[in-house]
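Several structures are given next for inspection.
In the two complexes that follow, chain A is the common piece, with chain B as its partner first and chain C second.
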Partner chain A sequence: MGSDAVLGFFVRFGAVTVLVMMASLVFVLFRGSLDSMKTFGPKFLVSSTWRPNDLEVTKRTSDGKIVRDADGDPVMETIPAKFGALPAIYGTAVSSIVALTLAVPLSLGAALFLIRIAPRLRPRLPNGWRVPIDMWISFLIEFLAAIPSIAYGMWGLFVLVPYMQSHLEPGLNWIFGHVPGLGFMHADALTGRDMLTGSLVLAIMIVPIITAVSRDVLRAVPQAQIEGSLALGATWWQSCFEMLRYSRSGLFGAVMLGLARAAGETMAISMVIGNIPNIKATPFAAAQTMSSLLANEVSEASTKLHTSSLLQVALILLLMSLAFNIVARKLIVGKGGGVRG
Partner chain B sequence: MMQRAQTTLTHPSDPPAARPGPKPAGASVNSNPAENRAAASLPVVLPGVAPTDVHPEVDAETHILTVDNFKLAYGKRQTLHGINMKIAGGKVTALIGPSGCGKSTLLRSMNRLNDLVDGVKIEGDMRFKGQSIYDRNVDVIDLRKKLGMVFQKSNPFPMSIFENVVYALRIAGERSNARLDEVCAKSLKSAALWEEVKDRLHSSAFGLSGGQQQRLCIARAIAAEPEVLLMDEPCSALDPIATQKVEELIYELRGKYTVVIVTHNMHQAARCSDYTAFMYMGRIIEYGPTEAIFVRPHLKETEAYVTGRFG
Partner chain C sequence: MSLTAISKRKNTKARIISGFMYSLCVIFTGFILSLLLWVVGYLIKIGWQSVTVAFFTQVQIPYGAEGYPGGMLNGLLGTLVLVGMAAVVGIPIGMLAGIFLSEYGANSKLSSPVRFVADVLAGVPSIVVGILGYELLVVPIGNYNGWAGALTLAFIMVPIVARTTEEMLRLVPHSYREASIALGATKARTILRVVVPSAAGSLITGVMLALARVAGETAPLLFTALGSRLLTVNPNQPFPSLTKQIYDYATGPYEAQKRMAWAGILVLISLIFVFNLSVRLIARSKHGTA
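Let's turn to the complex of A and B:
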C-alpha cells in the first residue's frame, strides 16, 4: 500500500475515463442520428439534396401543367425537408485527396532535407559557433503544426482567396478553356472561395505534421541501409529513395495522420470553401465538406430531423477520422519503420 | 609490462602537421587520459617514430590499390596518421589491430564512404589502378561500383532476395530480365548461397538467417562486378558454421577479386589472407605476408598483438 497503488489507480482511472468518453461520444452521436437513419436509410449517403426547410410549391400535373382549384388559383403542396450527405462526403474526400497530393511530395522533400542536408549546413559564425539551422527549421515546422486553424483560415480568407481569384485561377481557367480535354474543369465565374482554395489551405495546414512525423520516421533509418546502397553505386537521390522505401510503412502512417487532419479540419476550410453543397467537376466551384457543413448549420438547426441529420454527418466524420488514426498509429508505432526483427 | 608501456609511449595523435621521422624521446606527453589508458597495454615503442615495417614480399607484388600518406581526421580527432600501403591485386589482405585503431576508417576511405561523415578532413591520396581516388574529378559512383563493400552487420534491403542481389544493376538502369536472372544466379552461386535460396528468390531477404543474410550481402556486392571487395569484419555477427562458410567463400574469391578484410579474429586472418597489416593508433606498424606476420614478425609489438598479449 503506497504510492504504487495510488499511481496505479490513477493510471487505470485515466485509461478508463478516455474509453468511457470515447464510447459515450459514439453513443450520443448514434442515438441522435437515429431519426435521420430511420427517415432516409442508406440513401442518406448517396443523396445530394440538402434542404433543411419544407418547401411550398405549386402543384403540377405530370406533364407540367399547373393544377388549379375551382377558383382558378394554383394549388400549393408541401415538399418535406430532405437531407443527403453526398456533397459533403464528396467535398471532404476531394479536398483531402487534393490536399494530400499537394502536401505529400513537399513534406517528404522537406523531411529528407532536414535529415540529409540540413545537419551538414551549419554555417560557422566568426566566433566559431555553428548555426544549427536544421534545429531552427524543425522548431518552425513544429510551431506551424501548432498554429490554431482559425489563423490559417483568416490568412486564407484575406490573402489566399483574393490572390486565387485575381491571379492563379484566371490563368488556370484559361488553360482549362483552351486545352482540349480539360474543358470540363472550366468555370464561368471565379470567386476564389472554392474547392481549389479550400484544398490549398488544407495542404498548407497538413504539411507541418506530415513533415514532422516523416522526419522522425526517416531519422530511424539505419545508417547501414544508406551506406549499403551508396556502396553499391547508388547516387545520392537513389539512396534517398532507399530511405523512403525502407521506412515506407511509417511514412504511410504520417500520410494517414495528415489525411485525418485534412478530413477533420473545420475552421479554416469553412472560411474559404464557399459552403454550397455542390458536386462539380470544376475546381473553381464552391463546395462543402462534412466539417464545414457542421460548423455552418449546427447552431441554427431548427427541426429535429435537421439536427439528427447533422449528427449523422458528425458520426460518419468521427468514424472516418477514427479509422485513419488507428491505421496511422498501427503503421508508425506497430511496425517501427517497416522492418521485422 | 604495464609500467614499461607507460614510460616509453609517445603520444600518437600529434597535430596533423607532425612529420614522420625521429623525435626527441619524451618530447610529447600524452595529455589525454583515455588514450593513455588504451595505450597502456601496448608493451613497446613509439608508433609515430618508426616507419612502417614493410616486408619485401609486399613490394614484389603487382599492386591494384595504393595508399599515399593518407591522413584523416574526424573533426579535431586525428584518426589516420599518414598511412602508406600497397595492396596486391587478386590477393586477400587482412587488416588487424586493436579496437579503435582506424581499420574501418581506412577501409571506408578506400571507396570514399567517409565523405558522408560530417566534419571529416582528409589529406593525402589513394590510387586505384594508378588513378587518384580523392581527385576532384573522380566519379565517386563509378568508383564505388569498382570497390564493393561488405559491412560488419549484414544490411539487406527490405526487398526480395532477388531484388537485393540485382540492386546494383537496377540502379544502373538494367532492364533485361534475362540478364538480371543470370547475374542473380551467378552471384548467389559465387556467394555459396544459391542452393539454399534458389526456391525462394522472391521472398523477403529478412527471412534469411544471419549467416545467409551476410552471404546475401556478399552476393549483392559481387553482382556489381567490383574489382576489389572491402569487407569490414564480415563474420563478427555470425556463428562458427556461418563464419566457416564465409571464410571458405573468401578463399574462393581470391584471384577473381582483390579482397581487403578487417578482422579481429587472428585465426581468421591467418586462415584466409595472403597479406596482413597490423595497425595501431592510426598507423600501420607492420605489413607483410600473413605467415610472416603471425610466425616471425619483425616487431615485438606485432608479435605481442598476434599472440594475444594485448589488444
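Let's turn to the complex of A and C:
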C-alpha cells in the first residue's frame, strides 16, 4: 500500500506540474507586459511606431517654425520611447498566410499521393523483395519535419536569398512594373531578404508537418467509404474528393497546426526576412514578425518599457499559438498524427 | 459491355479531371521531394566539404588569433551538457505525467485538462518559452546562465515526453496489467515492474526524439544560455551551445566561421537522421513481433 501511495503522489505531481507550467507561462508574460499595457493600452496593437529610445528633437510651433529661447538657440524637447506591435503582427500574419497558401495544396497533393497512389507502387526486386516506396517517402517527410529551424535558416540565407535577389525577384518585379494594376507591388531595390523570401522559407518548413498530419488524417478514412464511392462509379479523383470531404475537419486541423508552426517559427525567418518594422504592399520589402522581433531585441532591451513591450508581443504570440493549437486539437479527432512539435 | 460504354462516354469529363488531379498529386509530391532533397542535399554536401577534425577537437578561436577559426568543441560539449541537464529535469516529470495520463487517467478529473494542456504546450513557440526562462531565471539572477538554458529546454521536453509516454503505455495490452494484479501485485508494482518495462523500447525512442528535438533548438537559448566561446561547464555563467554558435557564425562576417557553421549543421542533421531512423526501425520490429 505504501508504494502505491508514493507512486500515486509522484505521478500526480508530474501531472500538476504540466498545468503549473502552462499557468506560469501565461502569468509571467501577462505580469511582465502590464507596464506596456498601462502605457499604450489597446493602441499597442494598431500603432506602427517602434522606437526603443527617447528622441531629442527641436521644438517646433504648430506651423513648423523652430522655437528659440532668449539667446536664439533652438529649444529641445524629448519625445518618449514608443512601442506599437502592428508591423510585427502584420508580418507574422502575412508571412504565415502566404506560406500556408503555398504549402497547403502541395501538402494535400502529397498526402493523397501517399495514401492513394504510393502503396501500389511497390516494385518487386529480382529476389522477390518489394520496395516500399511509400514508407520511404513517409520516413523522408518525417525526417524533414524534424530538421531544426536553424538548418532551414542557413539554407535560406545562403542559397535562397541570393537566388531570389538575382533570379526570381527581378523577373517578378518586372512583371509588377509592367502589368497595369500590379504597380503597387513594384519595388525599387531588391535585397532578397524580404517578406517573400521569408514566406517561402516558412512554406518549405511547414510542408512536411502538414503532409504528415494530413496523411494520418486521410488514413483514418474507412476503406468502405473509398470502395463504396468507387463501386458507385466514381472516378479516382471523385473518390479522393470524397475522402477529403469526409475528413475535412481533420485536414483543417492539420492546416491549423501548420499555421501555428509558421506563426511561431523564429530562427529561419529572422535570418531571411530583413527585420525592419515595415508595412508595405510590395513583397520585396524587408519585414518583421513577432518572433523575429523577439529574437533580435530581447537581449538588447535597455529600458523597462522596452522589455515590457517585448513581453506583450510574446504574450500576443503565445495567445495566438494557443488559439491555433486548441482549434487544431479539437479538429484532429482521429488517432495518429496528433500535435507533434 | 454496352453499359460500361455508355457510362464511359458520359463520364469523359470526370475522367479527364480525375486524370488531371492524379497527375497533379504526382507532380506535387515530386516537386516537394525534389525541393526538400535540394535543401537537405545542399546542407549535407556543403557540410561534408566543411567538416574537419579540428571541428570536433578544438574550441572556438577568434578572428586574428593564432589557430583561427578553431572548432566547435565548446558548442558540442555545451549542447551535450545542456541537453543532459534538461533531460534530468524534463524526462522524469514528463514520464510521471505520462504514466498518470495512461494508468490513472481513467478515474481522475485531472486527466483530460492535463492531456489538453500538454498537447497545447507542445505547440507553444519555443521562443516564447525562452522568454519565460529569461524572465524567471536571467533577470532575477542578473546574468545569462546555463541553468536558464537547461531549464528552458526541459520545459520544452516535458509535454513531448508526457504525450509519447502516454501513447506508448497505452499500447501495452490490458491483459498484462490484469495478470499482474491477479497475482497479487499492487498497482505501483504493476506499473513499475510490468507496464513500464514492457514498453521500455518505445519509451526510450520517444525520449530520444524529444532529446533530438531540443538539441536542435536555438531560439530558446538566445537569451537564456546566450552562448560562450569558452570550453566551460559552469552553469552559473553564459553557456555555449552548438546551435547558438552556428547562428552566430552564419550571421557573422567571417568566411571560415561560416564553413564551421555548415559543418555544425551537418552534425545536427546527422544526429536527427540517426534518431529518426532508429525510431523507425524499432517501431517496425515491434510490429513484426506483435
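Rule of thumb we're sticking to: the second predicted complex is superposed on the first by the 323 of 341 C-alpha atoms of A that agree within 3 Å, B and C clash if a C-alpha of one lies under 4 Å from a C-alpha of the other, contacts with A are read in each partner's own complex, and residues count from 1 in each chain.
Methods note: contacts are C-beta pairs under 8 Å (C-beta built on N, C-alpha and C of every residue); 3 or more make two chains touch, one makes a residue touch a chain.
Here the structure is a predicted model, which means the values were calculated and not measured.
Chemist: On the A-aligned overlay, A:Ala110 touches which partner chain: chain B = first, chain C = second, or both, or neither?
Modeler: A:Ala110 sits against chain C, while chain B stays out of touch.
Chemist: Touching A:Tyr246, do we find chain B (first), chain C (second), both, or neither?
Modeler: first
Chemist: Under the stated touch criterion, name the partner, chain B or chain C, that contacts more residues in chain A.
Modeler: C
Chemist: If you stack the two complexes on chain A, which partner ends up touching A:Gln238: first (chain B), second (chain C), both, or neither?
Modeler: In the superposed model, A:Gln238 contacts both chain B and chain C.
Chemist: For A:Val28, using the defined touch cut-off, is the partner it touches chain B, chain C, both, or neither? Pick first, second, both or neither.
Modeler: second
Chemist: Examine A:Ile326 and indicate which partner it touches, taking first as chain B and second as chain C; both and neither are also allowed.
Modeler: After superposing on A, A:Ile326 lies in contact with chain C but is clear of chain B.
Chemist: I'd like to know which partner A:Phe176 touches here: chain B for first, chain C for second, both or neither.
Modeler: In the superposition, A:Phe176 touches no partner, neither chain B nor chain C.
Chemist: First (chain B), second (chain C), both or neither: which does A:Glu227 touch?
Modeler: First partner only.
Chemist: Touching A:Arg120, do we find chain B (first), chain C (second), both, or neither?
Modeler: First partner only, chain B.
Chemist: For chain A, give the residues common to its interface with chain B and its interface with chain C.
Modeler: Common to the two interfaces on chain A: residues 233, 235, 238, 338-341.
Chemist: Quick one: which bits of chain B touch chain A in the complex? Just the residue numbers, please.
Modeler: Listed in rising order, the residues of chain B that touch chain A are 111, 113, 116, 118, 141-142, 144-145, 148-149, 151, 153, 155, 157-159, 167-168, 171-172, 206, 217, 220-221, 224.
Chemist: So in the complex, the part of chain A that touches chain C is made up of which residues?
Modeler: Within the complex, chain A contacts chain C at residues 1, 3-4, 6-8, 10-19, 21-22, 24-25, 28-29, 32, 105-107, 109-110, 112-114, 116-117, 137, 139-144, 146-155, 157-159, 204, 207-208, 211, 233, 235-238, 240, 257, 260-261, 263-267, 271, 291, 294-295, 298-299, 310-311, 314, 317-318, 321-322, 324-326, 328-329, 338-341.
Chemist: Please name which positions on chain C make contact with chain A in the complex.
Modeler: Touching chain A: residues 7, 11, 14-15, 17-22, 24-29, 31-33, 35-36, 39-40, 42-43, 92-101, 103-104, 110-111, 113-114, 116-129, 131-132, 134-136, 144, 155, 158-160, 162-163, 167, 186-189, 191-192, 209, 212-213, 216-219, 222-223, 226, 243, 246-247, 250-251, 258, 261-262, 265, 268-269, 272-273, 275-277, 280 of chain C.
Chemist: Could you pull out which chain A residues touch chain B in their complex?
Modeler: Touch residues, chain A against chain B: 119-120, 222, 224-235, 238, 242, 245-246, 338-341.
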